[in-house]
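Pasting a structure below so you can have a look.
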Amino acid sequence: MTLAVQHVSKQFGGLMAVADVDFVVNPGEIVGVIGPNGAGKTTLFNLITGVLPPSSGQVVYKAQPLAGVKPHKITELGIARTFQNIRLFGHMTALENVLVGAHCRMKAGLWPGIFRSAAQRAEEQAVREKAQELLTLVGIGEEADTIASNLPYGKQRRLEIARALASDPDLVLLDEPAAGMNESETEDLQALIKKIRAMDKAVILIEHDMGLVMNICDRLVVLNFGKKIAEGTPGEIQDNPEVIEAYLGKEEA
Amino acid sequence: MFWQQMVNGITLGSTYSLIALGYTLIFGVLNIVNMAHGEIFMFGAFVGLMIAVHANVGLAGALLAAMATGAVLGYLMEVLALRPLRRRKVSELAPLISTIGVSIFLESLALRLFGAEAQSFPPVSSTQVFDLAGVKISMVQIIILAISCGLMLVLRFWLEKTKLGKSIRATSENIETANLLGIDTKKIIVLTVMLASALGGGAGVLVGLAFNAIEPTMGITMGFKGLAVLILGGLGNITGAMVGGLLLGVAEIFSVAYGVSSYRDAVAFGMIILLLFLRPEGLFGSKEQQGGR
Amino acid sequence: MLKIEQLAAGYGNIQALKNIDLAVPAGKIVSLIGANGAGKTTTMKAIMGIIKPTSGRVLFKDQDVSRMPTHKIVNGGISLVPEGRSILARMTVLENLEMGACQRRDNEVQSDLKRIFARFPILEERKAQLGGTLSGGQQQMLAIGRALMARPEVLLLDEPSMGLAPLVVADIFKVIQEINQAGMTVLLVEQNVRQALKIAHHAYVLETGRIVLSGAAAEIANNPRVMEAYLGGKKAV
Amino acid sequence: GGTDKAPAKSSGAAKMGVISYLTGAGAAYGESIRQGLELARDEINAKGKVKIELVFEDSKGEKNEAINAANKLIHKDNVLAIMGPTLSSEMFAIGPMVNQEGVPIMGTSLTVEGITEIGDYVFRNSLPESAAIPQSIKRAKAKYNLKKVAIMYSDNNDLAVSGYKTIQQTLKEEGIEVLGVETFADKNTDFSAQLTKIATLKPDAVMVAGLYQEAALILKKARELGINVPVVGNNGFNSPQLIKSAGAAADGAVVASPWFPGKDDPKVKKFIADYKAKYNKEPDQFAAQAYDALQIMAIALEKSGSNTDRKKLREQLAAVKDYDGVTGKFAFDAKRNPAMDVNVLVVKDGKFTELK
Amino acid sequence: MEFLLNPYYLQMAMFIIINAILGLSMYLTMSTGQLSLGAAGFMSIGAYVSALLTMKAGLPLYLAVPIGGAAACLLAAVIGLPTTRLRGIYLAIATLGFGEVVRVVILNLKVTNGALGLSGIPSMSIMMSKAFIAMGLGDGLGPLSVRQLGNLSVIVILALLLVGLILFSVRLNNSRLGRAFAAIKADEYAAEVSGIDTRYYKLLAFFMGAFVAGIAGGLAAHITFFIGPKDFAYHRAVEILLFAVLGGSDTVWGPLVGSFILTLLPEALRFATEYRSMIYGAILVLMMAFRPQGLISEETIRYWRTKLLAKKAVQQEEISGGTN
């Protein structure tokens, strides 16, 4: 078991944004989290990554409870994420963005960096190569030296994924990665997520693009008003009347 | 003595509030700290003094003249020093430096124009002192307190409830978005800067009257205090400016009255550091939005 | 209604638009589609005067607006729902909506507000919440609602369905169609190409800053090149 | 010492550098000094025995600026000697270097301890606080029968702190009780807290060490709060501006000063008249002392017989005796400090009068 | 040569270098996006500690100055723990206030001699001169007098220190830590979630800035004979900020250029006498209007780099063309 979300709740003032949500993610699994706008999906990510403390319940990653663990530590433990509203380091190049993502996997401290020790140079070299590979993996290998904010939206999304992967996580949280992509671009994304899984990483995917979700997820968790209203395989969920009522709507066709 | 010191503190504090209100207003709309506000305040005081001495128009006339001066200076500052920066997307530092430049310019201009010596207003009826059961309070102190409280209420209402006020707030958040909503942001900004500067100019006259010393470097001294209040109360918050000012005034006075006067300034700033430790956004500042999306 | 002639624009050295021509006839829905970075958003920004074109013109009701300040263009009758929403984070939902109507002089603001609340009930529920704390999708609804509050003659929508739940997406397209039927002219940028072409009358395809294809929406939808590039044609084959 | 290059001769005039606080918060003092010097220069040059050219440099009251100004005057303008700087802190920063270069330097407004100890080339014609304050306290004690007093001083001003130390010392010697000590800072405008506190102590007098701007405000506020006892000040009180700003509240202010504008002396009267004619205001002690300083320089210059020899000038300067200036009879003592008489003044009906 | 050896210019060179070091201290803290105006306060601690150690304890300079830096660092630890939680202007004002507190404490302490300041601080150049005399160079070396030798050697020492610091900063920028700093500056929140211990690095940058400012303070004390609380007031804090922002705070070179220009400007404006400050103020406004990102920005560096590289390429081509 990679991750266990155990009866987690989050309250904002009078609003229960996440209410007693409970599910697990197994290694190499792709779990989709879906639900209407404002259901609490992004908040759930914030709780898992330690950005917000849960009001009650706890998140356990690889048998370690994450209560009180700082976000950067959680990343170091092996959970990486992307953001719904892209948050790149705008002035840095694409490659540098990925290098920042690799920060917690590097060791060189202040003085080796200043004196350029052999170990530091070797590490730097290796990480740069790996970063370039990641950029190529997500399909923006050519843009390594482009300033991140000058990339078009879709490519920025991919860059975020590359940055997240750079920390060599075992669990990747993707918050609406397909937003702003057209169908063929979404297909590329689907291939990319499959590749991530092939690297033996678990993925939690928030997405409103049902084509993508249904195609790729092993299991779905459905939230509504903060509560988990259903959990199951895409097939089961697709036919769940409550989910159709709250979220999917009747198939247009 | 306690009550006398309390009165001392509140009256000192209300002058701080008066200055901080202008700071806060400009911060509220432009998201910059106008380092020249103190100097505009000082110019207002001098022009008010000139008018009072030479034109014999009384307090109201002096106030009006000072406010007009403030507004004109504010306009010039906006057009010459702030607007050119806004065209490009730059860090918050550029306008900070630019207004520091304006403040240095204005201070040395005042030294040239008015000389370095401290001057004071001719005695007017407002220097009258009341004695309430041994507690002495002067008319001008009462006027200042009343004006700053009144201003606070008016400004708050104006920003929160009126269309213009809301446009100002929208502009302060994001100029591009405000433009997209059809707001003439240029006009809004000029207006606010002029208004805040007019308030600064008027404050100059009142504070000059209260303390009886007007000189070119008073802008820095008072401006520095205003800055402290701005932070204490929370950036861009009108109520914060008012309460923060009073708090600082009382704290300063009490540090002298019941502590050691030589640590007065340290107490004021120590208090700020301490408070920020507990509430990093100031007394009334809004918490930064948590979480990422 | 809205006409773009030989418009070129860019950011510094990057030329994002290379002499494009485009027309949005009154009362129609025109859809602009294109890959990431094709220049769709740039086109919208150029129309609104947020970036100044290097050459060419934007005509609104036969008047050249390409060098006008943004707020004048807005008050002239064009509104934009920008990419990334641009919600006023420190103002409440209600204030955000009111700001949309802040330039209007008529007294139907309240009734419009009611209509918007009826369309997006969640907004009414969250009237007093700060815009910045809304969920992504809620913000998107707010942005659309706010633009409608201005009662524009032409509404520009930059990826309005982004981040919305499927139910709401269907709804949004319905809303667009409705307001169009009520007489509003719409220029729509969408990645949800299939849906967009379904409701649009005309469509343009933008590729690296150039219009490469244009025509009736139905025609475009059946164009093999479009099918391959934007409609996941690969899979179909 | 001695620089590598001799001072330049220019049109037969001796080039004197002046470092003065001409812009910034204390510009009022620097301006007075400049005016006093200019007036003296014009008179000296008109007399024609020696010719003096003044080169003014602004120090903004800042140490680094003063250092740059001194370096410029010595190494670019090649001046013969330097007048100034205005503040003691500036002198402490430039004195050692100027002394090392062998350039005579004379302060006209420096009153703190230890100035001339910097070196043999360092002079001052301003009376140190340590010489002036005891006089005024003694005289006030005799006159007002002082038993217990309160003290206020500006704790961020070197001159006032030095004055405060002398006040404490003298009070101890005189057996006067100190009820309380309050501080303020330069450019403060609000003294209500300190004075409210002092008012409850009911002192026989208040001792104040500060500059006239704050002193005037203190007087005003003190009277407002009902403190109507004499206020004994330091050198900072010694300005017509004190009376101008404080108005009626200034009555009862006591100060010791070599400069007494009301003195019945034709030299003083002429100086005041000339100064008024030229600058349209009353001269203060800064102007008077600067005026005298340049006159003293001129005497030494004449005796040295050279426009370029700094060493000679220094020797002659150290030997100046029996100069009778607008601030009274003057001579340098062995430590190049002034040896001169002091007048103790009290403000009465808006005028400085002698306290007898 | 004569011109260059003029003590006036030598002294100015010392001020420029010390200000450049201060500019760098500002840069180091700002490279994590923290706008700290505490440099003047840290500088004063370095200055007083180092001056007192040499005067009262007779410590040699090369020990006293670093200890001054360490003392500044120590205080940065106390103040940094709460203040690194602050952002933007809040941090700026809090640190400015911290400087005020330090100044007031110095005013009140006995050992610092309050407002009277410390005078007679051992001067670096006189010490060097003495060393030269001890080395038997009492008559100078060639055309140089022993005092000039002293001054020159001080400048050489200061310049070496500055070069070392520049090297440090440049290498830092290109290292893992530098990237972490830059990420925090760009988006603190995203940096934290990307696995960077933002608090730690912000503190580290704060410390480095304080240390360097403390060193600069120590050095300044030993080239000016005298220090007083006034030297480190509000004005000084603002001046140091100006170095960084006017020059450009995004690169190492900006603060250097800024401190160079702003140290020379008042001297260059001496001819304008009483209009000096006015012109200075106007120049600040103008510079910001035309280069709001500072004189040297990342783009400037990139531009010159490509230009120089292109030139090199052309030259190389010419050379190879010549051999053909």
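A, B, C, D and E label the chains in the order they appear, each numbered from 1.
Rule of thumb we're sticking to: a residue touches a chain if its C-beta (ideal position, glycine included) is under 8 Å from a C-beta of that chain, and two chains touch if they have at least 3 such contacts.
What you are looking at is a predicted structure, and each value in this text was computed from that prediction instead of being measured.
Asks: Check every other chain and keep only those touching both chain D and chain E; list them.
Replies: B
Asks: From the centre of chain A, which chain's CA centre is farthest?
Replies: D
Asks: What's the chain with its C-alpha centre farthest out from chain C?
Replies: Farthest from chain C by mean C-alpha position: D.
Asks: Of every pair of chains, which is linked by the largest number of C-beta contacts?
Replies: B-E
Asks: Centre to centre, by mean C-alpha position, how many angstrom separate chain C and chain D?
Replies: 75
Asks: How many angstrom lie between the centres of chain C and chain E, each centre taken as the mean Cα position?
Replies: Centres of chain C and chain E (C-alpha means) sit 51 Å apart.
Asks: Averaging only over C-alpha atoms, locate the centres of chain A and chain D and give their separation in whole Å.
Replies: 73
Asks: In whole angstrom, how far does the Cα centroid of chain B sit from the Cα centroid of chain D?
Replies: Each chain's C-alpha centroid was found; their separation is 36 Å.
Asks: Touching two or more other chains, which residues of chain C qualify?
Replies: 133, 135-136
Asks: Provide the list of chain E residues touching at least two other chains, using ranges where the numbers run on.
Replies: 107-108, 189-190, 193, 274, 276-277
Asks: Mind pulling the chain A residues that touch 2 or more other chains?
Replies: Residue numbers touching two or more other chains: 42, 51, 83-85, 87.
Asks: Which positions of chain D touch chain E when the two form their complex?
Replies: Answer in residue numbers: 4, 22-24, 56-58, 60-65, 67-68, 71-72, 74-76, 88-89, 92-97, 100-101, 112, 114, 118, 154-158, 160-162.
Asks: Enumerate the contact residues on chain C facing chain B in the complex.
Replies: 48, 50, 69-72, 74-75, 79-80, 82, 86, 88-91, 95, 98-100, 102-103, 130, 132-133, 135-136, 146, 150
Asks: Within their complex, state which residues of chain E touch chain A.
Replies: 167-168, 171-172, 174-180, 182-183, 186-187, 189-198, 204, 250, 298
Asks: So in the complex, which bits of chain B are touching chain D?
Replies: Its residues touching chain D are 1, 4-5, 8-9, 11-12, 108, 111, 115-120, 123, 129, 136, 138, 211-213, 215, 217-218, 220-221, 252-254, 256-257, 260-262, 264-265.
Asks: Quick check on the complex: what are the chain C residues that touch chain A?
Replies: Per the stated touch rule, the residues are 11, 14, 33, 35-38, 41, 83-84, 122, 133-138, 140-141, 159, 162-170, 191-194, 228-235.
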